[in-house]
Structure formats: C-alpha cells, structure tokens
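Got a structure for you, written out below as structure tokens; questions coming shortly.
Per-chain residue numbering starts at 1, and chain names A, B, C, D, E and F are given in the order in which the chains are listed.
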Amino acid sequence: MKTLTIVLTDGPYISEYAEIAYKLAGAALQQYKVNIFLYLDAVHIPKKSQNPSFFTNAGQLFSGLAKKGVVIRACARCAGARGYLPEEEVLQGNNCRDYFPGVRITSLYELSEMLSKSDRVISLSR
Amino acid sequence: MKSVFYLLDTAPYGSEKAFGALNAAAVSLGEMDVTLGLYGDGVYLAVAGQDSRKLGLPNLADILYAYGELKVLVNEPSLIERCLFGETLIETLELADEEEFFEAMESSDCVISF
Amino acid sequence: MKQEKLDVFLLTKPPSSPRSELCLKLAARAGKARIYLAGDGVYHLLARIDEQPEFEIYACKEDLEARAIKAGKRVTVLDNFYSDFIEDIMEHCKHEYTF
Amino acid sequence: MKSVFYLLDTAPYGSEKAFGALNAAAVSLGEMDVTLGLYGDGVYLAVAGQDSRKLGLPNLADILYAYGELKVLVNEPSLIERCLFGETLIETLELADEEEFFEAMESSDCVISF
Amino acid sequence: MKTLTIVLTDGPYISEYAEIAYKLAGAALQQYKVNIFLYLDAVHIPKKSQNPSFFTNAGQLFSGLAKKGVVIRACARCAGARGYLPEEEVLQGNNCRDYFPGVRITSLYELSEMLSKSDRVISLSR
Amino acid sequence: MKQEKLDVFLLTKPPSSPRSELCLKLAARAGKARIYLAGDGVYHLLARIDEQPEFEIYACKEDLEARAIKAGKRVTVLDNFYSDFIEDIMEHCKHEYTF
C-alpha cells in the first residue's frame, strides 16, 4: 500500500490548511496509508475543548482521522514550547492530556521516518 | 522518498520558520539526501556575522555551521534583489543560479516549504 | 483519463504570493502541467491562468462558490476535488508540488 | 481615539483574518468613527455573489450587508492589479482611489491591521 | 495619564510580535497606562506550562506584564475557538484555568473600549 | 531632541512585504518622517532606506546584531530602542503607524 505524508505548520482557524489537510487525508485514507506531521503552530490543531462557533472544530476533525487510521504525530519541541507536554504513558494512542485521542507527541526524527517511507509528501503552510 | 528539498523563503529571527526548517533538515541527514534551499527572504539567513545573544534566540548561523554536511543552496536572484550580493556570506553555503536552484528542486523526491 | 505522466501542482495561494510565482515558474519549466486550484488559489482564474495552453487547470467547486469566482471553459471544476487530486498524485503524476 | 481605520490586506476564506477584521470593525460602530479599508488581497472580499455554505464558513459578504452602516473603502489600484475591475462588486462598498484611500488612513486616529 | 493599547494577532514563537509587544509594553508601563488585546492566534500567548527550550517563555513574559499593571484581555470568540474557555469566577484577575494569572477572557467589545480610551494604538501582525 | 511633530512609523517587516511598500508610500506622502526599524524591518537598511533625506531612521541594536546588518552614518542605532520609540509616539509625534 502506498503512503502519503502531510506536513502542517499552521494552527487552526487562522489558516484553512487544517481543513484542507483533513479533506486530503479523508480522500486518501480509503486507499492509502496516511501520515500527518504537526510542526510549529500546527501542534495547536489537536487541542481538546475547542469551541469555534463559526467554524468546524479542527481538533474533532483530526481526532476523526486518527480513528480511521491516519497516523498523526506532533513535534515534541514545538508542542512543548506551546504548553503541550507529553506524559510517560500512552493511553488511547495519546500521550498528552490536552490532546484529543489518537495524536501522539514524538521526536522530530519521526518526520524523517515518515518521509523516508512515503510515496508522496504534501506540505501546506502560509 | 530518498531525497527531500526544504524550501525556506522566510527571513530569520522574525519567525520560528528558519529555525524549524534547519531542525527538520538536520534530522534527515544520513537517512536521506537533504537540501535546504534559501529563496526569497530566506536568503537573509546567508549573511555572515549573526549574533542573536541579545535577542535571546538561537544563533541560526551557528546551527548552519554545526551541520556542515547539510547542503544549503542560496538562490542568487533572491540575493541580488535583496542587495545582498556584495555582503559577506557564510562560506559553507553554495550559490545557485535560478537554473541550478530549480534543478535541485526538480531532482528531489519532494519539496517541503514552511 | 489522466494517464499522461505530468508534473502536478496544488496551488492554494493567491496570485500576489511569492509562492504562486515560484509555482508558476516551475510549471512553466515543466512544459505541460496539471494545476489544481484550491483555497485562495482559485483567484488565479481572475489572472487568466487558464489561458496558458500548456496547463490543464482543475478547480475546487466549493472554493469557487465561496469566493464568487467563475471558471472559464478550459477549467475543469471538480465536485470531488480532493479525491481526484489524491488519485492523480498517488497514481498518475511524475512530480508533485504544493504551494 | 475617536476614529479607527481597520486595514484588511488578506484574502477572505483562506484565513480567519477577514472575519476577524469585520467583527472588530463591527463592535466599534456607534462608539467610534470606523472605516474598514480593503487593500491588496483584501479587495477580494468585495466580489459579489459569495456562497460559503459548502465550505462550512460564515458568509463574509452577508456580514458586510448586515453592517450596512460600516464604511468600507475598496482600494482601486488593488482591484485593478487583481483583474477585479470588471467584476460585479458588492454595491454597498465605496471605491477609493489611492489618494482617497490614504487620506482616510491619515485622517483616522489609528490604523489597525491584521 | 496617557494610555497605550497594543493589539496582537499572532501566537508565540512562530512570530516575534509577542516579544516585541513585551518590550513595547515594558518600556511604556513606567509612565503610561498600557492595555494589550489578544486577538485571533494571539490568545495562545498566555497559555500555561509553555516550555520553549530555545526561546523565552511568552506566557511568563505576559504574566509579568500583568503583575506590573498592564491590562491584558483575550477575545472570547478567538479563545473559545482555540479551546480556552472562561470560567464563571475570576481568580487572580484570571478567568481561564489554562491561562497564566492576570489575563482575562472578555468580549470583543472590550477592544473597542480600550481603543476609545487610548491616546495611541499599536497593532502588530504578520 | 525630537520636538518636531512628525509622522512616526514602526516598520518590522522586510522590504519584500506589501506592508513595507504601504509604509513607505505613507511616509513619502508625509514628507518628513521618523522611521523606526525593528525585527525584520532592519533589512530595509540593505535597500538603502537611509539614503532618503526626508526620513530620519532609527534602528534597534539587537535586531541589527542578530541579522548581521550594518547601519550607515545617517542611521541612529538605539540602545534603548523601545523606550525611545514609546516616548516619541506618546509625546512627540503627529501620527503613528505600525507595519
């Protein structure tokens, strides 16, 4: 099975890339393995308890993707800088209390791993 | 993917993007064929003599020196547009004209921009 | 029907963005190319990106509607834009770029 | 401050900025003299016929109609550069040439850009 | 006493505007009343438990400004969208568990209030 | 010594930014102006912003050092950039703009 990796660097709402990535991943996961790497401000996307009155909840969208098998990882340095700290334990595929289930904080080396195992890579950034 | 081209077109220090691009390029060294391409405002990263201590930010030039094996291409037309052609540049970087720069992008398996 | 192995571009930025300029330079170098317009990329239709005969242009329907941008005859407006784009880059294209 | 000029130079829908600028301008109505200036990519907001239902985003043109008393200036040179001069524009907006646009900025007590 | 209001729209680290605003506010608070309004992504700035290894903790910087009397308010819609929800109670000048003390989530009308009472306004955005 | 009531500009964006262009247009309209360069705004010194006789140019020392940008004779490099800027906009300037 071919693999697609999507690299994101923007947070939700301020840019539309979280939504575009959701649509790309949704279209791809029916036939392909899909990875998403959250870098820089994109580590805000899986935050719990988002309540956007006028937009679609980006955290829920990504949580839905994770349930369908999309591998979502967040850069540890970027997440830590922004106050998302990893726990020792992994519960529901998740190692951060502030994140929706299915999203894990990992080292940046995971990005390199993802890239080397991918057939295509899409990067979206402002 | 065996090769990746990181495109940096944002000026250093004003944003975390240059730092992010350097780190991302560094972790793939050894595993993949990595090129960091400085384009547009990204070419400001090439200026020699950066000292960011008083800003309390990591010195990005030092990171470039620390990863000496990283291939860094500096887009010449962007340098010229920014009046940087006469300035002293970090000597480990490679100048690339438009043709060479685009060829490096085209011959990489993927292009990632921040 | 996209058997031809071409370079494929996803363009989500408006014409004023330096990334758009870079995208169009690379597309011009490729000779023939398929360009997918989504998000603010659909504003390239105002700048007549579809008049370049070497480019096949695809546009995202909901992004056109939101921005009130009309697509000319040479533009293929896709209802399933993202599925079609994904199929193209995973199965048919030579090199893929996102700007 | 008795007057405020909100400068919007980002395209609608691609980012939250247009929505943010409209909301910020709206809350000052009545209390201050408010102008929203569309400049650069911000002028795309002026195109008539927007329908954002399928994107699941608020219709920004509807917000403009809802705040009919908001003074919105559209920078003409930006419109022309973006090939929008022949398009149908939202009729409640005011076209302003470079001189009129800058005068509105200069005569406001502050300029806020997003 | 004259009043300065600073309007921010970017999150920490990805842009330098949080730091520049900190320096501007620090210089101004010795002689003037200073307000900061956090809009759009800037509502991320006062998040607790930020741990930026290579940068200065933006949350701590702003918490320090609040202690020195700078009035810092965050837009309720932008904060809610990004998962920062206001409590009923105000404790330590703060109505959000995720925020450093001294930063309060308020309606956008507060921005208009701040502007109308200001002698100068600075807006910083990418 | 900044008694003259002038328009004051804080410019933190590099020359390529459309906001920089807008800033310089407004400054040119003002005739004489004081322009404070901080952050990526210091890159305007490469583009010789200091050769315009109508502008008084001030630059932030730590931003110059980080970016390795030298300031010419007509540029006032300020150790206490932010204090001086704040005093100017609160006490001396006519209109203040930030870009």
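Quick notes
Here is the rule we go by: a contact is a pair of C-beta atoms (placed from the backbone, for glycine too) under 8 Å apart; a residue touches a chain by one contact, two chains touch by 3 or more.
Not measured: the values here are computed from a predicted model.
For the pair chain A and chain F, chains touching both partners: B, D, E. Ranking B-F and B-C by contacting C-beta pairs places B-F first. Centroids of chain C and chain F (each the mean of its C-alpha atoms) stand 40 Å apart. Averaged C-alpha coordinates put the centre of chain A at 26 Å from the centre of chain B. Centre-to-centre, using mean CA coordinates, chain B is 37 Å away from chain D.
If you average the CA atoms of chain D and of chain F, the two centres end up 28 Å from each other. Touching of two or more other chains is recorded for residues 13-14, 16, 40, 54-55, 77-78, 119-120, 123 of chain E. Residue positions 13-14, 16-17, 40, 57, 110-111, 113 of chain D each touch two or more of the other chains.
Among the residues of chain F, those touching two or more other chains are numbered 12, 16, 18, 39, 96, 98.
A complete list of chain pairs in contact reads A-B, A-C, A-D, A-E, B-C, B-E, B-F, C-D, D-E, D-F, E-F. The touching residues of chain D, when paired with chain C in their complex, are 11-14, 40-41, 44, 47-55, 57, 61, 81-84, 87.
Interface residues of chain B facing chain C in the complex, by the touch rule stated above, are 9, 39-40, 102, 105-106, 110-111, 113. Residues of chain A that touch chain C in their complex: 2, 4, 16-17, 20, 23-24, 26-28, 31-32, 119-120, 122-124. Residues 18-19, 22, 25-26, 29, 95-99 of chain C are the ones that touch chain B when the two sit in their complex.
Considering their complex, residues 1-2, 4, 16-17, 20, 23-24, 27-28, 31-32, 109-114 of chain B touch chain A.
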